[in-house]
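Notes follow once the structure below has been shown.
Naming follows writing order (A, B, C and D), and every chain is counted from residue 1.
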Amino acid sequence: MINEHLPALQVVVPLLAAPICFLILNNRLSWLFASLVSWLCFAMAILLVMEVKDGAVLHYEFGGWAPPWGIEYSVDVLNAYVLLIVSGIAAVVFPYSWTSIQKEIPESHHRIYFTAMMLCLAGLLGMTITGDAFNLFVLLEISSLSSYTLISLGRDRRALTASFQYLIMGTIGATFILIGVGLLYALTGTLNMADLASKIPALEGSRTLQAAFAFLVVGFGLKLAMFPLHLWLPNAYAFAPSAVSAFIGSTATKVAIYALLRFLYTVFGADFSFNFMQVQWLLMPLAVASILFASMVAMFQDGIKRLLAYSSVAQIGYMLLGISLVNITGLTGTLLHLFNHALMKGGLFLTLGAIAYRVGDTRVKSIAGLGQAMPFTMGAFVVGALSLIGVPLTVGFISKWYLILATLEKGYWPLTVLIIISSLMAVVYTWRIIETAYFQERPANAPEVKEAPLSLLIPAWTLIAANLYFGINSRLSTDLATGAAKMLFGGSLL
Amino acid sequence: MSAINLLIDIVLLTMLVFTTIAIVRSRSLFAIVMLSGIYSLLSANIFVVLDAVDVAFTEAAVGAGISTVLMLATIGITGYEQKKRRSISRITPLIVVFITGAVLVYGTLDMPAFTNPSNPVHEHVAPRFIEQSPTEVGIPNMVTSVLASYRGYDTMGEVIVVFAALIGVLSLLGIREKKTDPVYTEPPPRPILQVMAKFMIPFIILFALYVQFHGDFGPGGGFQAGVIFSVAIILYTLTFSQQDAMDLVPPWVLKRLAALGVLIYGGTGVVSLLKGGNFLDYNVLAHDPIHGQHYGILIIEFGVGLTVACVMILIFFAFISRGDKNP
Amino acid sequence: MNFIIDALSWACLMLGCFLGISGAIGIFRFDEFYSRAHAASVTDTLCVLFIISGLVLQSGFNLVTVKMIFIVVLLWLTSPVASHALIRSAYQTGLKPKLAITRKESSKRTQS
Amino acid sequence: MFAVTCLAILIVMGIALARAFIGPTVYDRILAVNMFGTKTVLFIAVYGFLTERPEFMDIALVYALINFVGVIAVLKFVERFPPPSAQSDE
């Protein structure tokens, strides 16, 4: 019986856990409860993946009203895969939070932190699982509002400006999405995604449909930090509390990319998006620009968090590149990179949180000599950095391999060269950090630094170890990604 | 008849355009607040003309009442004037706005003609709402049955959005409870206002209750009722003092109740789950599905009203307890 | 009978419109805040009364009428109080009535 | 006859709007907004009769209640934070 309600519970449990977190007065209890819920979500995501991995599609009708009258959740390989990423990262970040926020957030705000994290998790899971275009917008609002709150909790005053900047950009994005959904409703009279998909092919020449498409692509582009709409991202990631950077940095943009894919392939259909609107010729130059530009900027950053944030913009460029290639291998590369980038950025930000906990800040110069002082933390960082570069045996290699294969398959060899060049740039910007940590002496007047506590190290190493595990045994992620990519292309290959 | 409607439409929209231009051109934040009050009055009129009663009602309660008050409280924190900043380029926003506008206009070119009865909006989903909701959900106001039952999950999402806004405001501002009022230890006596407020507050609360429970039949429902209720408390705060209001409704109680409202909504869903239906399937709440729908809608509307009222009051408290500090 | 009611409600509505427009002209044409406030507040109440009575005559007696009577009562109570509070605030925060200024100036003039 | 009344109210609204644009003092704007609010109540009531949808009266009633609170809030605000110069806010 419980299995049948699994799709609803996946979102409803964290959604209702948020007010409960707020009602629990004891901070520690609130944290324990939140962690427990995050594990429960992860368990449910695993169960869902098991059920749909052979191509089955689960449907859930809210209120017992059949779509398109009611709201429907539908779970297929693609969203089960994204659910797995989001809830998996949450299951690591929530337990990690307790120690991490002790030094970063005033104690009076701990409950607010857990409540907002819970809301953000619920919103992201809901955006992923929903089969209704308007419901997606509602859950997008929940996740965005709570992420503005979370970013503003950063201890630097500039966190407020960063959060405000994100709020403005994010609201514009959300408004564009709402306009797009509204135009679709005016054209078809329905909000259900599957129903929309069945009605849209008949409307191909309609200019309203084209406008709706433009608004949705730009709206999600803002949310996923597509170049040049990425301006909010570096500040937001740099000034947020470490645990928040880890969570939002590895999930929020991924979910936005998923939503973009869902609209491009399922709602509008690959034929309309790529043959009629030719959206790949918009995405490809932007992807190239963001890879080159962001990697370049990342090389000159003083703050490690900001450096990683720019690297995120570059990684998003890879994902968009995979979409713009319009073949199964490219899409598989994108989906694999969703998973892999979540693992590596999550791991790296968690490691940075451990450094921030002991050292107090995360500028490149302030980590000098930490290689000896914090061997486990810096070890984790090195592995994460290798994965970011794309060294074999790490996950970064797998997704880049697929992307390179896809470019070769299409015959776009300049893009192959671009991927290799940008990997070299990643070597440059990560090497600066590693060099400072291992080959520079700790300044004589700097205070003594101990290894980070286990409560931070264990979660960080969990994600870093996942980087290695899925780099060596990539069956699970590639199977799911290939399955999802094939499903999105359906029978009709371009 | 339709000529007069057209004329009214044109006049209202023209006024709306002028108001918008005035808002954009003004530097005085206070003038902007006043003009946006007018803007929302105008848009409520337009909603009335479009026959969207429930939307007009919400706009009336939210746009004219709460948002003016909250925006004023915000100016109390920020100051009167927009700072002059020369460094910001005006070209980029202008281009963005023009492109957006152009795409919107382009999008309307193939839009189904307004008021054409054979539009997809009228032919696909809507007929069932119109024809079957009286027998399936059993309440006369179709808008309420769509919001609370057919798309009840979205409404739950919206309540949580309101709750998330509260979390944001609490984290940014917090509510300062202070025993003495530093600015006005002795507020100037305003007997006429106080008498008037005492007379009005019961009226407003009564009307809030009417809106809350009459939502099944006429325009209104939990959301609007919550806002109207919070307006009563705000009037009390304004004519007496913040401390008086905080003694009447202590913030810690409001915080609990705001969370409780969300849980009441979600709890209804969980109960229906346990009784063997889907989440938020009110049919299983009673032996007779129609009764079940009735109970379900009544309970969730109560949850909505509770959360909205508490959140609005709390946000107001948070703003004014900040505004006192730096006038 | 119907004719009389129609005529009465016509008269009421037109009188209301006239009052409303004259108030509007006042608020637009008078050259000083206090005179404008005077024009607006005096006409407002009667305008509401006449227009709503015009409507009441048309609708007969039902729930709508009760609501309309409520509207009149509320506006009659709140509108003057709002005007009073507005003018009081204006005066207390230092907005001087034009008349007072001229009197002061003229007294100055006579002294000098 | 309702149509004529509607139009007359719209004219009044337009003039009040002009006053709200011109100012020049804070209080003129408040006065204009207050007048605009009252006229909105009337407009909705009359329009309900024009289109034979008297349930619009609920909305008019909400305005009659809330407009007052809005004006009081504005006044309270102006008293607490007096405008930079009382003569003109521009």
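The rule is simple: a contact is a pair of C-beta atoms (placed from the backbone, for glycine too) under 8 Å apart; a residue touches a chain by one contact, two chains touch by 3 or more.
The model shown is predicted, which means the values in this text are computed figures rather than measured ones.
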| item | value |
| --- | --- |
| Centrality ranking, top chain (CA atoms only) | B |
| Cα-centroid distance, chain A relative to chain D, in whole angstrom | 47 |
| Inter-centroid spacing, chain D versus chain C (mean Cα positions, whole Å) | 12 |
| Approximate Å spacing (C-alpha centroids) for the pair chain A, chain C | 59 |
| CA centroid of chain B to CA centroid of chain D, Å | 19 |
| Where chain B touches two or more other chains, by residue | 193, 200, 203 |
| Shared-contact residues (touching 2 or more other chains) in chain D | 30, 32, 58, 61, 65, 67-68, 72, 83 |
| Where chain C touches two or more other chains at once, by residue number | 74, 78, 81, 85 |
| Listing of all chain pairs that touch each other, if any do | A-B, B-C, B-D, C-D |
| In the complex with chain B, residue positions of chain D that touch it | 3, 6-7, 10, 13-14, 17, 20-21, 23, 26, 29-30, 32-33, 36-37, 40, 43-44, 47-48, 50-51, 53, 55-56, 58-59, 61-63, 65-70, 72-74, 76-77, 80-81, 83-84, 89-90 |
| Chain A - residues contacting chain B, complex | 5, 8, 12, 15-16, 18-20, 22-23, 60-65, 68-71, 108-109, 112-113, 115-116, 119, 122, 126, 134-135, 138-139, 141-142, 145-146, 148-149, 152-153, 160, 179, 183, 185-191, 199, 206-212, 214-215 |
| Chain C partner contacts - residues on chain D that touch it in the complex | 1-2, 4-5, 8-9, 11-12, 15-16, 18-19, 25, 27-28, 30-32, 34-35, 38-39, 41-42, 45-46, 49, 54, 57-58, 60-61, 64-65, 67-68, 71-72, 75, 78-79, 82-83, 86-87 |
| Complex contacts: residues of chain B adjacent to chain A | 103-104, 106-112, 119-126, 128-129, 149-154, 156-158, 160-161, 163-165, 167-168, 170-172, 174, 255-256, 258-260, 262-263, 266-267, 269-270, 273, 277-283 |
| Residue numbers on chain B that touch chain C, as the complex places them | 190, 192-193, 196, 199-200, 203 |
